[in-house]
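As structure tokens, the structure follows; a few thoughts come after it.
The chains carry the letters A, B, C and D, assigned in the order they are written, with residues numbered from 1 in each.
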């Protein structure tokens, strides 16, 4: 509670959180107030008009609709990847760090191994091999499965540092089970940390999806911010200066990432008291 | 029950590491600790006293020799910890920051197979707080970081009053508190012994403190117990050079300590 | 073993570890493309034959199968069954062949630019990528860290202006920033070329015309990576620096009256160590991001080669590119690891005390 | 003539919310050449804050409120940080910090840290001369000089680190040394080794005047000539070591002595008594005596009236009722 109060005192956090919440609201409620259509409604790359505020795309589709859909996809993929990566990473990290010994050594070696193998290479290889059925969900799952090592590394260090603390010894003397020690005596201490890791994982999930879509390995079942940009690049809209083909999408994705980034940086400031002042 | 042997060690050792890097933290010690006495383990940093304490708690295991509690090796920790409990050096790091002191004192009952009724648990926590001179209302709803170091150390002792174990391992309980509240902590240790006839193993680097509270002193050096005996014997007629050294090193106000 | 030479032992241990990682990476590179429905064998069958007479198609197909180690081979000839059809190798044999080929430096033949070898295409692309990425990452890291340390040490007005600026920069995704730069500085104001590594009418030669054209094309991609990277590093260094400022050794150094420059040096050096580790960890992501920047600028490096390959489903090429990227990331990581070992006495001391690397 | 004079020194911290915490109030004393003054008190009594003030080292959020510090007649107040750095620190006043492990830069060899100190204050000495001097100085400490100098802090034992820190702090023969709990983290044996080393340096004339801060009163009895007792930012009693330890007059000093334990024969059945309660919060304004809350002989008047230093039996006591 005190933590939340401190966070709310940080303007960075407030701006970041408001920004993120508003994108979330737009993604959820936008389609309620705006008629989203994926149909052709006008000419190829039709310029913005009063009816179609952000113009039309290569196939004559309305960009506002595309962006609303794309924003939703990006948030979905980011949250999905974030949840998967943070959950696996936290479980592996917290257990390995606490347990120590051979179990930890093996888990740690695996983690370190996959940290140095670039996850986006793995992402490309898998995406390239799924020619059909490359859905948004699949991409989210793959991103989550290839990036959890980050969280594991971060959480493990924290958990290992806590392991030898006296309150853990005392909890053992209270007869607490390993599970209870992990959940009650370790997790709360690193929860803020895990949350920060989660925020980073969400933003890296959003970016990974956009990046993979940019190179043409994006989801085939829906529109995402990355596929919009891919289309703009591939059809030469960028070189032709058709700004509505890519500027709105880049602005949305940057705002999204920036909001998450602000939340993360401000939390770091609150948890590392020396950054304050 | 008086003078029954609780802990007994015969040529007991505890080593860490392997190959050439082996460290003998406890090396060939033989001793016994009897019911109802206060025994002090005294030695400088790295003498093995803390490892020996952890062995008594069952948190470390002897690598050779026999180590028994009530004649049997320690196997079931849940049972062992019902009888043997501990207070540690740094009271702040001993409590979970996310829960109130009171709820943590209550959670000590977790060690029992069958918990007493809620009313009885609350009552025992109140009694324990009163035993360390703290009004239950003073810590009601308080979190560990809201109390001072001296108060926190008393909370650790209150936990012992709650559990009323047979044996208390006190690992340097006074080294992190100010000199002026040290006496307080020692008073409560004496009280535990007198009122609950607890057996106490007191671990310290200060032979002065040890002298003050204990019935017997064990002097440790490099993993070995080099001298044991009654406090007056050890302090006035020390047999080993190291004990002499330890005694000389304490800056007592009434004696010549260092030449200037 | 090698106890008396802790440094050599340290390097060998790390090298061994990275070799193992390399093997795992190769395995991933082999198996992942075989995960989906499209087996490389089928793709090769489909790709190779198009637009050729049946006999030619069969020959080309078999050549492919042999080149990719997908069939059993004896004395340089394909082993055939009773019907004269090639006998397929098992997955494990295929893997063995793949590893053998990798170590011999043979990454196969490209579909798209047949009969050009994958390695030859990569050889043409890699110098561009190195020329773009090595200086940007190094400069970005150095400039970012120096500015970040200054911001932490001085605080005040400099920090107040610098911090939000760096924060915004570092939050930009690579590709977004690249696209914006292209739009603003190449399309809206056509000061710089929008794409390519050099003017298309020039030959690649060490001529003045070529070099100046290459330099001219270099500017936008360079800044699009450099600024983001420097911003991110500066933010990281700033928080590390502020943390180090509160440590006892900095206070003691100040109480001894060390010169300000010296204290700043202490601060920078110690705050830098976790930054180097951070660099090692994020190299993969960084290089990945920079590759996408290459694609946006149609820069003739690895990123572009990979993009073309993906667009044409040129699997040998994709696999070749990913392998090269993985290997370079591993080499870069290895270098950084060794560097840390030399810069931080605590790492080597830990090693001597037997805690391992 | 007094070599070190502190005149009504008050210091405060400024919190993030603009609140002032008066950590040190109205501290005055003066020291003669060759004097060792011990300062004792509980944790949080302002001892460590005072150290920074005595060096003229004001790193935000610490600020001087009022008062003066003079070394050899020269004031340390109102100077620029650079002036304090170049002409005061290490040369005039030097500090031995507590917790030697964290005080040494972990990525620098001991000899390089020491060389940095010399280079910061001596002009026109080359590296070779610096290392020569360094070796001569460290040879005095009875350590394996070559190994210690060429080691990183992590490779040294706790005792070696503490001695290295003392060596570095006294490298430029400061007029005045302030030791801030240099032995609190050590066991009794190492403590004695370190104190012996300090006395060695005194004897060899490396420095002669020292303030020794600790919360162990018995230790001060052996180390210091004079002792000052601090409570809640104020000095409550100051006298010779014998006077303060054997015949304390201020109720707080008496309570501190009463809480001490010892292993001396016959002491076993003397019952030490702890001081109950906690010091006042220094962020609030305090009108009466600061010890009133915990004082066994408190009266209605001293809860209201601020106590001033007065002379009682050849020593200074901040209590109107002390005899």
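Keep in mind that, in the parts below, a contact is a pair of C-beta atoms (placed from the backbone, for glycine too) under 8 Å apart; a residue touches a chain by one contact, two chains touch by 3 or more.
It should be emphasised that the depicted structure is a prediction, and the values quoted were computed from it without experimental measurement.
Core chain by CA centroid proximity to the global CA centroid: A. Among the chain pairings, A-C comes first (most C-beta pairs in contact). The distance from the centre of chain A to the centre of chain D, with each centre set as the mean of the Cα atoms, comes to 52 Å. With centres taken as mean Cα positions, chain B sits 49 Å from chain A.
Centroids built from CA atoms put chain D at 55 Å from chain C. Between chain B and chain D the centroid-to-centroid distance comes to 32 Å (mean Cα coordinates, whole Å).
None of the residues of chain B touches two or more other chains.
Residues of chain A in contact with two or more other chains: 277. Across the assembly, chain D contributes no residue that touches 2 or more other chains. In the complex of the two chains, the chain C residues touching chain A come out as 18, 20-21, 24-25, 28-29, 32-38, 155, 167-168, 170-176, 179-180, 182-183, 187-188, 194-195, 235, 239, 242-243, 245-246, 280-281, 283-285, 287-289, 292, 295-296, 306-307, 310-311, 313, 315, 318-319, 322, 325-326, 329-330, 333. Here chain C touches chain D in the complex through residues 247-249, 251-260, 262, 266, 269-270, 273, 343-346, 349, going by the rule given at the top.
Taken together, the chain A residues at the contact with chain C in this complex read 113, 115-122, 124-126, 128-133, 150, 153, 204, 207, 210-211, 214-217, 229, 232-233, 238-241, 243, 246-247, 250, 253-254, 257-258, 261-262, 265, 268-269, 272, 274-275, 277. By the touch rule above, chain D contacts chain B in their complex via residues 42-43, 158, 186-192, 195-196, 199, 202, 215-219, 221-223, 245-246, 255-256, 259-265, 267-268, 272-276, 278.
Per the touch definition, chain D reaches chain C in the complex via residues 52, 55, 57, 59, 82, 84-86, 88-91, 94-95, 97, 99, 102-108, 113, 116-117, 119-121, 152, 154-155, 165, 168-169.
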